[in-house]
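Below is one structure, written out as structure tokens; the observations come after it.
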Amino acid sequence: MPNSNRKPVIDAGTPKVKFPKALTVKSHTITIIPRYCETDQAGVVHHSVYPVWFEMGRTELLRENGMAYKDIEKAGVFFVVAQLNIKYRRPAEYDEELELETVCSKVTASRIEHTYKLARCSDGTLLTEGSSLLACVNRQGKIRRIPEFMYPQSQSSVESQR
Amino acid sequence: MPNSNRKPVIDAGTPKVKFPKALTVKSHTITIIPRYCETDQAGVVHHSVYPVWFEMGRTELLRENGMAYKDIEKAGVFFVVAQLNIKYRRPAEYDEELELETVCSKVTASRIEHTYKLARCSDGTLLTEGSSLLACVNRQGKIRRIPEFMYPQSQSSVESQR
Amino acid sequence: MPNSNRKPVIDAGTPKVKFPKALTVKSHTITIIPRYCETDQAGVVHHSVYPVWFEMGRTELLRENGMAYKDIEKAGVFFVVAQLNIKYRRPAEYDEELELETVCSKVTASRIEHTYKLARCSDGTLLTEGSSLLACVNRQGKIRRIPEFMYPQSQSSVESQR
Amino acid sequence: MPNSNRKPVIDAGTPKVKFPKALTVKSHTITIIPRYCETDQAGVVHHSVYPVWFEMGRTELLRENGMAYKDIEKAGVFFVVAQLNIKYRRPAEYDEELELETVCSKVTASRIEHTYKLARCSDGTLLTEGSSLLACVNRQGKIRRIPEFMYPQSQSSVESQR
């Protein structure tokens, strides 16, 4: 059922969340262990799973910066994937330890770009590379300016001139 | 983002939907072709996919009765899965034609029971059997009486005595 | 890849499949109805679902050309996604009728490029655009030349000069 | 099942794996953080995700006993889900910390029963309960006796009389 009714406060549109002053961590690495259901009959992880892992990478990078994405949503700020690019170099296998590095590579007035590198932990082999562009929207799905704290200090002034 | 804000009418709680007088179709069969991503490295469909197919069976059974589940949600009525039981007899394979029969087997004041039979079309082999119990809830997730039109005429009177 | 032990004949490496002489259909459109489980709490289809739909588009385009992908796998020829690019323009919603057009836009000695256009049937609004690059590999996962019949007649001669 | 052609050694059918003498750990608890894509438009985790989590619980319980499921598969022993029962008591939400307790509740000659309890970490509320029955099969998918080391010492003798 719709969130608003289960969490009335949220849809009151009143941010109950304290945001950090700025995003200080630009890069973060998480460990991923492919699940059995993430493999396909070719014996490797299905290509549609990587976008899910990338999203996990973004979530944890944000957490490293002191906040949870769910709290951003509670404040009425939403990030939707506007663009996604993936290069699959080598297959990932069930239950092997992987390392996903997520980098916040660019921030503009209403978009955030991330780049991703997924590697096998055992030998460091690069398996997949990717990038995504997130658009910031309000509850109505209209493009909006991203929260000030998400600007790198230097870039903020630049962007604000746009 | 929450539905309510993208579809304000919906959350106004004012049903804009015309419901049929009664559910007349008790059973319906749909064809399913397993997707590649639904298989796992064992070379067969992963067991977590069947609940998804069962849900599709319920959706189409409802459509056979003249309405879409999304319209029921728009009217502020929601059905959540309270119980699920599945017996996996034989594996389903990628791209083979399957037939899923969904039967509405019981309706009570706040619950609907369905039973499922999934068979291979080529030879009729029964692959999977299952049943589910749906609970009817309102926007707040509180158990509520199911819409009157969902009662079988005969049963309705019985149930209403409860 | 087929499970050799469950289908010994297949892995004997002896193609039991008759391929068409050439791929004559370059473009094909299928209808897609988003499943409930394909939505996320933002109330729209999750961005990781589109690659799955694109794969369905490729499968049906191939079928339009007279063969099933599973038969190609049985013949020891496999296609793996090497690259994927998606532009998300507008969200897709649960149970709304969508049209996915899949076009085989380029064929080289070992790669096949497809482009995708996903639109809402009700008003023709373009929701998503994408492209993918498939690499042809053998059972061992080594890059191999794609089956001759997959070349457009004209292009075949060109490619074969490489 | 492993892809024989990509991992020839595996399908040589020669177990390269050392099994522990016995399963000593009967119960294990893991932490789960629901992913964004695991939610649906009702704003909670979709019911088809729980079987995936249960499988993760079994995998980690096995690891606690000193082995990886993938190594069992390498030895030509496979476990397929024959039965699944789930009671959904309360919904799980995106990014909230959950605890899944997996218990190996019964072992017979060819089947293993597990029970599951999923609870919210913050307040210990029980969200979901379930049980599953795994059947042990060989590469050909035929029912086979489970590896001796999987019997509880006491039970082994009992079962072997069957």
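Should a chain be cited, it is by its letter among A, B, C and D, assigned in written order, with residues numbered from 1 in that chain.
Following the convention adopted for this analysis, a contact is a pair of C-beta atoms (placed from the backbone, for glycine too) under 8 Å apart; a residue touches a chain by one contact, two chains touch by 3 or more.
From a predicted model like this one, the values you see are computed outputs, not experimental measurements.
Chains that count as touching both subunit B and subunit D, per the definition above, are A, C.
Each chain's centre was taken as the mean of its CA atoms, and the one lying most distant from subunit C is D. Subunit C and subunit D have CA centres that are 33 Å apart. Centroids of subunit A and subunit D (each the mean of its C-alpha atoms) stand 30 Å apart.
Shown for subunit A are the residues in touch with two or more other chains, namely 1-3, 6, 36-37, 41-44, 48, 52, 55, 78, 94, 141. If you sketch which chains touch which, every chain touches every other chain without exception.
Within the complex, the subunit C residues that touch subunit B are 2-3, 6, 35-37, 41-43, 52, 55-56, 59, 68-70, 94-95.
Against subunit B, in their complex, subunit D makes its touches with residues 1-3, 41-43, 47-49, 51-52, 55, 78, 80-88, 91, 141.
By the touch rule above, subunit B contacts subunit A in their complex via residues 1-6, 10-11, 36-37, 39-44, 46, 48, 73, 78, 94, 137, 139-141.
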